[in-house]
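Have a look at these structures, which come just after this line.
You will see two complexes here that share chain A, one where it goes with chain B and one where it goes with chain C.
Up next is the complex of A and B:
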């Protein structure tokens, strides 16, 4: 079932990513981690569908935020990141997906690992935790190309400054900020050992990013003693309809 | 055994497509692979979306679990790769009420 969604605000996260707030007609509410399918239809009736994770926490209003990264050869993302304007209408199906979700009833330690725009559904979980005044211990390990590629920068910085809240570790793969202690590189076993929850406390892990990233992080988490059943994954890639 | 190429997504990604057919969320359901017998959530399957439809493969053995193809105004669904699908009852009853 497709619902009409109106663009109400636009905010650039980085040079290539934009957060779009949508007012969705008869929005039934969502759980952090879920995604929606977005359908765009051209005047000649040609339509394209893509999946995007919801970035905002569940709330009582009928508004959701999506953060879209522009893909070089994308069909939909260039439109959503450059051309869409406030007041434009899109169609939305969802929310969908009940597996890669965090619910406020969960009290166990949570390990989040994001690669690039894989931060989006994890941000919904972090925001949902704050909105629910949950005390579930959260840790986020966020891998980005360079400091300019960080989404939700101020919000994440505020979190890492607040000791009662979720802790955030950045890992830079290409360019590091000045005086950064770790050389640029992918997440490895040392970083997991130093910054992720130890497996003995049995955290639930949520890993989101490109397929190769998810594969590598899942292997690292398993190798450090986490049970595969406790690692939930959401892969994305430029494969087929869903990007 | 893992797939040698990284061109798949998770079963989660089919949630929207499957919602056209099933009222409850099938991605959280458990299914048994007809080939190796592994019992996993559908969300954990490897999902291939490059073709004219969706193909889900077992994360343990890569056997085809489900195929869903849209051809003009018809949808073809093949779930012969699973011996069964087990859905939680509570969401089912909620969706009926």
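Up next is the complex of A and C:
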């Protein structure tokens, strides 16, 4: 069932990514980690559909936030990141997905690992934890190309400054901030050992990012003793506009 | 109904005509799976067909490789909306693997290394519609694409083509697999756009 959604706010996260808040007619509510299908229809009725993860926490209002990364040859993402304006209407369907989700009833330690725009569904989990006043221990390891590529920068910084909230570790693959202790590079075994929950406390791990990132991180998590049934993944290929 | 998106024109291509509704064309090969990629050594690999209580047929890698294989060129349609046309696979037809099994079962549940499962009517595995595939594009099937061997059922959405397939259980009654129990369609015909449970 497709629902009419109206764009109510727009916010640029980075030079290429934008958060879109939608007011969705008769929105049934969602769980952190789920995604929606977005349908755009041209005046000749040609339509294109892509899936986008929901960034916002479940709430009692009928609003959801999506963060969309613009892909150079994308069909839908350039429209959503550059063309769409407040008051425009599009269609959404969902929420979809019952596997890569975090529910407020979960009390076990949670290890989140994001690569690039893979942060989006994990941010919904972090926000959901705060909204539910959950005390589940959360850690986030977030790999980005450079400091300018961080989504939700201020919100994540506030989190790392608050001892009772999720702890956040950034990893930079290309460019590091000044005086950063670690050279640029992908997440490796040392960083996992130093910053992720030890496997002995049996965290549930959520890994989201490009395919090669997810392959590499899940191998590291397995090698450090995490059981494979405790590792949930969400991947997107270079053409999938699924973030 | 359909809301017109102001300023959206989209990109149409000749290939769109050959594709099921709501799909777009890709030329690379994206990966979708729910957890870590299992790495199954060939000396430990086996594939079985059972009826839920006893094993009816069993192959190890060597006896599986001794079966007559065929090369097929098929289109792939993923529920996440990408389609890849004219992909070439080598595999053993399920007709060959089921050939001397007598069964009243109407349904099948495929199980994978790594605990994935997916269900489908047994008829959808027969008559040249399904294979246990072990080579893609002339090369051994890579682990992230389901190697050493995966089910290939290209007339259904790709989640039905279980990667790292380990066994098929023949059943008198249908039973949902992994994604089918998590909100995806029980059958998954791309041409009828059966993506999610509730789609007709």
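The rule is short, and it goes like this: the second predicted complex is superposed on the first by the 237 of 243 C-alpha atoms of A that agree within 3 Å, B and C clash if a C-alpha of one lies under 4 Å from a C-alpha of the other, contacts with A are read in each partner's own complex, and residues count from 1 in each chain.
Methods note: a residue touches a chain if its C-beta (ideal position, glycine included) is under 8 Å from a C-beta of that chain, and two chains touch if they have at least 3 such contacts.
This one's a predicted model, so the numbers in the text were calculated from it and none came from an experiment.
Chemist: Does chain B (first) or chain C (second) touch A:215, or do both, or does neither?
Modeler: Both partners, chain B and chain C.
Chemist: In the superposed arrangement, does chain B or chain C reach more residues of chain A?
Modeler: Of chain B and chain C, the partner in contact with more residues of chain A is C.
Chemist: Tell me which partner A:233 touches in the superposition: chain B (first), chain C (second), both or neither.
Modeler: both
Chemist: Is A:51 contacted by the first partner chain B, the second partner chain C, both or neither?
Modeler: A:51 contacts both chain B and chain C.
Chemist: In the overlay, answer first, second, both or neither for which of chain B and chain C A:97 touches.
Modeler: After superposing on A, A:97 lies in contact with both chain B and chain C.
Chemist: Quick one: is A:60 in contact with chain B, with chain C, with both, or with neither? Answer first, second, both or neither.
Modeler: neither
Chemist: Which residues would you name on chain A as touching chain B in one complex and chain C in the other?
Modeler: In the superposed arrangement, which is not itself an observed complex, chain A uses residues 49, 51, 96-100, 211, 215, 232-233, 235-237, 239-240, 242 for both chain B and chain C.
Chemist: Which residues of chain C touch chain A once you look at their complex with the stated criterion?
Modeler: 1-12, 22, 24, 26-38, 80-82, 114-115, 144, 178-179, 182-183, 196
Chemist: Which bits of chain A are touching chain C when the two form their complex?
Modeler: The contact residues of chain A facing chain C are 2, 4, 40-43, 45-51, 75, 79, 83-85, 88-91, 96-100, 211, 215, 218-219, 221-222, 228-229, 231-233, 235-240, 242.
Chemist: Write out the stretch or stretches of chain B touching chain A in their complex.
Modeler: The touching residues are 2, 6-13, 15-16, 19, 25, 27-28, 41, 43-44, 48-51, 91.
Chemist: Going by the contact rule at the top, pick out the chain A residues touching chain B in the complex.
Modeler: For this pair, the touching residues of chain A are 35-37, 49, 51, 93-94, 96-100, 210-212, 215, 232-237, 239-242.
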